[in-house]
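Notes follow the structure.
To keep things simple, chains are lettered A, B, C, D, E, F and G as they appear, and every chain counts its residues starting from 1.
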């Protein structure tokens, strides 16, 4: 996951995903991917809200490994 | 020469007693509302006494025009405490006040004014006037960052958007302040387990003289190069008074134009300071500032969770909607395929019915046409010959009758000619009594050639007689003309 | 009478004589001669007519006998 | 009678003779001859007509035998 | 009769003859010949018609047997 | 019957024949041939239709087994 | 079935087939093939949809475990 991801960007992306799904402009083909992405974004935000800076860094590292 | 006291005298005590008596006579039991400035103030908390001077200055020259020592004993001190609570202003130097005093004289301590009451409203009005002046100055001198609006003041700092999450905080406070402790504890012990990163910018947050210090710390925050989500200004707690620092123009200006949203948690109950008015957000206590930050973050998390729920619900709806679409499409294709096939079947069976029917019908029609034709052919030739025969008979009759008619007619005509000729023949005429007269062998048709004595022969029907003319008479009448 | 005389010619001459007599352009002198000629012609014509009549009647009789 | 004579020609001649007699444009001299000719033509036509009639009747008989 | 004759042509000729006789525009001279021709044509047509009828009926029977 | 014949073409031809016979624009000379052709086409179409029906029904059955 | 087929493309093709069948623009000749194709597409889509559903469900489970 991008290291530069901000809460704002994450939330915006989340809203975008919600909107896409709502307007059914998201295809079944990417539906799971979108949900996964939403899950990651939420996890990212929640972790970041609570974790120490070092922990956040660690999570970001892990996320990057996963998503690539 | 020996000093000879020639002037009569009294002792100082006698004099002071006289003064005291006079003053007592003049002022005893009376008190006065006096407007004055306070200087040289000192307070003895143990005894609860205030000592100060009341002065009056010339408005133009600022030269002292009057000065009297004053004090406040237990009764006055009580009034002062009430005043401080009501105004949020510490009783002290440079305060312009309306106080009720009694005039006292003591042989040992001299003339003193004893504070009996202090007018809270007067000072409040004074402070308010100062505050309004400062605000006017901010609006006029810093128009780019401060604007008066219908419901207060709008500043550049207010227009800044708070980050969705406030985590990196710069705190301007006094290290020893109790409010700072409360703030830190509140953040640390938040029930949601949010993490915060805090940098402290310590300063003295009391006393008007520390304006420059506070401004310097704001500059230090700016200069730190760190990214902060907010700057929190917390006053060190303690007395509710001594807020004048935060009413200062310089701090107001710095706060209004500050590039990071400022949360003011100055800690007071009475009214908002200029700092409060200029800051992005203002709360009453440091603890409330911490709570506000936590609530802010919580609302972000709530929004996240709301989106998550939305996404989950919509995702499930989408999947089930797609499932329905697919099912209905499936049913549709199945039904339509069957319909299509039965339609094709129908068409085919119709062809199978109509073709034999039509073929039979066609043959039947041909057959009846043939019968009609052959009927015509059977009947007609007989009619043709019969009518020809009729024609022949007719023509024969014609020829017969017309030949007879022709001959008859010829006969009649011939008869007619015969009759005419018979009637006109000379023999017939003679028989009727006519006679022919001959002279010299020629028939005479007139008397001109005849003369008396001429011999003529008269031919009658049955004989010829000869005669001589004896006379001649010319007939001029026409009586016997036919 | 002339052997070559036809009914037509005879009848024509007869008509001529009748016309002459009727118009009184003939004198009594020649009247007798004309009447004589006419009488001869009538006799000729009548002879012919009767002969023809007899002949035609004969043919007609035959025709009727045949077709009936 | 002429062997090449047709019913049609015979009938035409017959009509001609009838018309001549009717309009009295035939002289007594040839009347008998004309009537005779007519008689002959009628006989010819009748013969022909009867022959045709018989022939047609014969064909029709055959047809009826066939078709019934 | 001509081997190349079709029902269609025969029927047409037959109609022509019928029309001629009907309007009496056929002369007595050829009447018998025409009637004879007509008789032949009728025979031809009827034969054909029957043959076709039989054939068609046969095919129809087969069709019905098959499909039931 | 032609191996390359399609149902579509066969049905079209069939309709054409039906229309011809119905409007009596087909002559007796070729009627039998046309009816024969129609019979063949019907047989062809029916065979095809049944095969298709069976095939389609089979697919539908399989589909339903799968989806339930 | 094509490995590169997407749900979206499959669904679109399915709709196209449904529309074709609806408008009777599909002939008997290809009907079975079309229905077969439709069957395959439906199977494909359903498989995809179920996979997505499972995946989504899984993610949701994870998310809920985390957030509670």
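To be clear about the criterion, a residue touches a chain if its C-beta (ideal position, glycine included) is under 8 Å from a C-beta of that chain, and two chains touch if they have at least 3 such contacts.
In UniProt terms the chains read A, C, D, E, F, G = Exodeoxyribonuclease VII small subunit.
Note that the coordinates shown come from a computational prediction; the quantities given were computed from them, not determined experimentally.
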| item | value |
| --- | --- |
| More contacts between chains, F-G or B-F | B-F |
| Numbering shared by both copies at the chain F-chain E contact, with half separating same from different | different |
| Chain B and chain G, separation of their C-alpha mean positions in angstrom | 39 |
| Distance between chain centroids, defined by C-alpha means - chain C, chain E (Å) | 67 |
| Distance from the mean Cα position of chain D to that of chain C, given in whole angstrom | 34 |
| Chain centre separation in whole Å, for chain F relative to chain A (CA means) | 61 |
| Residues of chain D touching at least two other chains | 28, 31, 35, 42, 46, 49, 52, 56, 60, 63, 67 |
| Multi-partner residues of chain B (each touching 2 or more other chains) | 305, 308, 312, 315, 319, 322, 330, 337, 341, 344, 352, 356, 359, 363, 366, 374, 381, 385, 388, 396, 403, 407, 410 |
| Interchain contacts (touch definition) - all pairs | A-B, A-G, B-C, B-D, B-E, B-F, B-G, C-D, D-E, E-F, F-G |
| Of all residues in chain B, those that touch chain A in their complex | 163-165, 167, 192-195, 197, 297, 300-301, 303-305, 307-308, 310-312, 314-315, 318-319, 321-322 |
| Chain D partner contacts - residues on chain C that touch it in the complex | 6-8, 11, 48-49, 52, 55-56, 59-60, 62-63, 66-67 |
| Complex contact set, residues of chain G against chain F | 27-29, 31-32, 35-36, 39, 42-43, 46 |
| Sites on chain A touched by chain B in the complex | 6-8, 11, 14-15, 17-18, 21-22, 24, 26, 28, 31, 34-35, 38-39, 42, 45-46, 48-53 |
| In the complex, chain B residues that touch chain C | 393, 396, 400, 403-404, 407, 410-411, 413-414, 417-418, 420-421, 424-426, 436, 443 |
